[in-house]
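Order of writing sets the labels: A, B, C and D. Residues in every chain begin at 1.
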Amino acid sequence: MRRRAVPAVLEARGLSRRFGGLVAVADMTFTLRPKLAHAVIGPNGAGKSTLIDLLSGALRPDEGTIHLNGEDVTALPDWRRARAGIGRSFQRANLFSTLTAYENVRLAAQSTTPGWRLIGAVCDDAGTWDLALSALEQTGLEAVAEHPAGSLSHGQRRLLEIAVVLAALPDVLLFDEPLAGLGPEETAPVVKLLRKLASTHTMLLVEHDMDVVFAIAGQVTVMVDGRMLESGTPDAIRASAAVRDAYLGHRS
Amino acid sequence: MTRLSTKGHRWLGLGAALLASMPLWAAPYYMQLASSALIAAMFALSLQLLTGGAGLVSLAHAGFFGLGAYTVYLLGGGSSVFVSVPAAMLLSGVAATAIGRLALRTRGFYFLMTTLAFGQMLFFLFHDTSLGGGADGVFIARPGLIWAVTKSARPTVFLLLNLATLSLMYFSLWKLMGTMFGQALAGIRVNEDRMRAMGHDVQGLKLAAFIVSGALAGLAGHMAALTDAFVSPELLGWHRSAEALLMILLGGLGALHGPILGAFALTLARELGQSITERQRLVEGVVILAAVLLLRRGLAGWRQ
Amino acid sequence: MPAMSRRSMLEGALGGALGGATATLLAAPAIAQGATLKIGLMLPFSGTFAALGEAIAAAFALYLKELDGKMGGRIVELVRVDDESDPAKAPSNVNRLLGREKAEALVGTVHSGVVMALVQAAREQQIPLIIPNAGNVAATRDLCSPSVFRSSFSNWQPAYGMGKALAAKGVKKAAWVTWEYAAGKESAEGFGDGLRSGGAELTKVLTLPFPETNFQPLLAQLPGLKVDAVGSFFAGGGAIQFVKDYAAAGLRDKLPLCGSGFLTEGVLKAQGAAAEGIQTALHYGDGIENPKNTAFRAAYKTVTNRDADVYAVQGYDAAQMLAIGLAATKGDASAVKDISAAIRAAKIDSPRGAFTVSASHNPVQTIWLREAKNGENRVIGVAAESLADPGTGCKMA
Amino acid sequence: MGGFLAQILNGLQYGLLLFLISSGLTLIFGVMGVINLAHGSLFMIGAYLAYVVAGLTGQFWLALPAAVVGGLVFGAVLERGLFRKFRQREHLDQVLLTFALILLFEEARAALIDNQFHAVPVPPALDFSVPVIGGFAYSAYRLAVLAICLAVAGGMVAFVERTRIGASIRAAAENSEMVDLLGLDARLIHTLVFASGTALAMLAGALAAPLQSVYPGMGDGFLILSFIVVVIGGLGSIAGAFWAALLVGMIDTLGKVYLPEMAGIAVCGMMALVLLWRPSGLFSRG
């Protein structure tokens, strides 16, 4: 009933993936709803990154299906899923470090343009220019637009990572530890941005920082050994004894 | 810069002028030598679109080069260059389309191995069957230019023709690198996964680059056939692809004109090596080691 | 690039000067620059055929020494280029000899693809060329030229001899096994023509890609062919392996194996017992008795410490032919017509037995029938007397 | 019929030899992520080693352990001294470096031995032929090679499928980050895999020496074929390499009989079909 009221933007059913004999993700079923940040937490090696890879299409699931806005996208390769509206960030800095910040987002914006454009210099294209600038504005990086990505501060790079995702105009955001490696002062602007995006986009957030997770997420899923241990509201998760034993307990 | 650097245009222009002036001061042998360096440069430059441009290492390109050369033979004697040039590029382009479609289904080493195997398939086609006149190679009648070229004028004419073709090829590729297509290739070279995650049709882009690159290799092969009037299956052997890669590495992966420097440097090294020792493999092996271990940015990056 | 190319030219010129200087030092006392006659030896000095190239070069130098280092009155300087048996590098290697080293005459080579580039240059620029091995028929058929000579054989010749000898022994049907390349095809034609000359026929030709040595698939087909004998053309490692595999497959006693002489040339020791009794046909062999042969073998052994083989003979005769031609023109290598006439008219006193040169410039020679015995290819008779290549399609300009 | 049976035996024997070469390759690619164009040269080195050992001692059988031990040592040295440093380099560097190795190995062979073809005698104990139906005899040594290859293949499968180290190698071959996740000593696994791959290629060379003689550049053809086997078999899959090697051996052998001009092309055609149907290989997932 709730489903009908708030339709799922992204729906995963029974997702599984093995490497060799090792199970990385097993039977994950969940939905992402609009304007609701869904956080996935769990210990290292729990399969969170593999899950993002499965959703974005970087990996094919051994079993299970993925639906985007009601359509089965399980068979679509990653780039088609990206064009269909799934944008993802990467845990390790995954930018074009020798290109400027602007050029990084422009490459992402360019993917929204059909055709390959074998003729005509890229700088002449107005649509791409607008998209790229808007992504930089949203992330507050206009000032460093002309700086090579490699020369940016760690925090700025995390923001650029997000800007690159935004420039392709996605419906669903998959963020893989967007705060990884950031110090306390650098965290604040990224968290602010995430919070803002959570109110406008559909988001799946893999993050270790529990304070951030509980501050942003409307739903939290706990993964252990590739399986879903528990899923519910932040309060429910905080209260769960199983989660405390299996996961949160380790961390304190 | 990630995208291929185009610094050093001034120097390129000077070099071209120097080569163009060779008929005034150089012996025919050195013009022939320059011609073969120019052809090697065309071949390596065609591959640079893939390797420097999109980060793909192909070992099939000697196959396309040879196919372009053999087009002249397959057309039979007496065709005009206005027929044989498009035909060579078309044939190599078609072969590149077929092979690219299959090989690009794989990535990384698998792409390398697949291109090696398909390149050898083209080699076998001309080596084992009678399609191309047999394993020993054949003389061919040169395609007709607009005017008849006398024997003594050949070194001059071919030098200038090869220089003009290389210049045109370089200019076109330089333009291409500035387009969205060129930018996207540069992105693929640095970070293919990210490009895919951004929604770029990486496969399609790579295929397009593969085809253009194959057709240009065919053009280089055509110029080799025109210059030497002799084709043999060895033109298609994978060792020749590796040599083109060596030229790219020697010249510098990061610069569009790197392969041109590399081709001239390798021709020079060979020429000197041949005066010193009969052990050509040793010379080449040492050049590669030096290039890989010492010249990390190639000759083009050396001065920057 | 400009810096590069300028340097390339300078250093190229420098390298040339250096190369020239060392070569001059090595040559006999140089009188005047103009007097030295440069002969380009384009041969394989590395790779599979390296041993053949060395044998040819050594024997060529041996004859040159007999002439006190002079041909046609001019001091000869030999310029060696390793052709690596790579046809794709052949055009530039030829350019190198002619353009940079200024060779006035050419000798080469073993590989039948590489020789095409030599033939092409010799035809276009009217430079005398002696081919000391490569047997592709085209060089003395379609592509024959006043400037192109062969001191060796055409692929057709030894195989023809073998076919003729088999037919004379009463064989009615035979098969030919070879590599899928020009030499293989041409030898198959020769074998067929030889068989037919004696009323027999060639019923099947089996091939595998050059230079593969996985002969099993071919051998397995032989018993089913219903032939009286099997002939073959292989050389080097292929020949070793083929003969051994043939014996191992138990075919030796059922189907006598014979072949073009290269099947057992220079490889008998490696083939061992498997080769014993195999008959082959070639223009040279062990036990040819003539004074020239005795003297040549002794001299070659002294110089190289190796026994002379057919390749050495071909190299030696290449030098003889060139010397005859140049003697007629007093060392003028550009007088191709006169050189050609002189060689055509000559009887070359070869260790293989004297031979003349046909109208298409291929040796008219005796093809010996030999039998492998105790590590030697003993001559046991004549397979074909004064055999000339048909020279089909040769139109001398 | 006897002829056809013999062809099948030929295909099997050829395919099994190919398996020895390509199984090492597929593991090296999968686990270490380096390309080695000089793998064919290792085959050549193994064959020349057999020629030298058999020549010096008169005992061909000694050549087999010599190839295995020599291969393990040589492989370990190559891995520690060279390939380890080049793992992170671009493919282009790896291609050219290993291409240079081909040239230098050939040059070393020319300098140490010579440029000649050399026959390696079949061990006397196996120098006889076993009759097959239809008037065709099959060399006992070839049958022995067949048996040895099968035994090695069986041993490898058992090792990779049944032991702990084997399981890690399999996991690593599919996803090279798994080694780190499993907390294994990645460096040790790499050395082990590279050394075994080298030993297998050299063993194959030694076994092949009496079958096809030793000669310059003898590894070239095998390099291409083993690449095709790895592509057809699929990423890091031993089982894939096994079946693909048999398939390629069979097609190549039968191709030579029925379509001699097309044998080389037929194998590549086979690879093309596999790429169309299952781009990541017959035996890989996804």
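General observations
Here, a residue touches a chain if its C-beta (ideal position, glycine included) is under 8 Å from a C-beta of that chain, and two chains touch if they have at least 3 such contacts.
Owing to the predicted nature of the structure, the values given are computational and were not obtained by experimental measurement.
Chain pair with the larger contact count among B-D and A-D is B-D, by C-beta pairs in contact. Ranking every chain by how far its Cα centroid lies from the centroid of chain D, the top place goes to A. Averaged C-alpha coordinates put the centre of chain B at 32 Å from the centre of chain D.
With centres taken as mean Cα positions, chain D sits 44 Å from chain A. Centroids of chain A and chain B (each the mean of its C-alpha atoms) stand 42 Å apart.
Distance between chain centres (mean CA atoms), chain A to chain C: 71 Å. Multi-chain contact residues of chain C, defined as those touching 2 or more other chains: 46, 180, 209.
Multi-chain contact residues, meaning those touching two or more other chains, occur in chain B at positions 124, 127-128, 279, 281. Multi-chain contact residues of chain A (touching two or more other chains) are absent. Taken together, the chains touch in the following pairs: A-B, A-D, B-C, B-D, C-D. Chain contact summary for the complex, chain A toward chain B: residues 56, 58, 77-80, 82-83, 87-88, 90, 94-99, 103, 106-108, 110-113, 116-123, 125, 128, 164, 168. On the chain B side of its complex with chain A, the touching residues are 1-2, 176, 178-184, 187, 190-191, 193-205, 208. Taken in their complex, chain D has these residues touching chain A: 167, 170-171, 173-175, 178, 181, 285-286.
Across the complex, chain D meets chain B through its residues 29, 33, 35, 37, 90-93, 95-97, 99-100, 103-104, 106-107, 110, 224, 227-228, 230-231, 235, 260-265, 268-269, 271-272, 275-276, 279-280.
Residues 46-48, 50-51, 180, 206-209, 212-214, 216-221, 223-224, 236-237, 240-241, 244-245, 248-251, 254, 267, 270-272 of chain C are the ones that touch chain D when the two sit in their complex.
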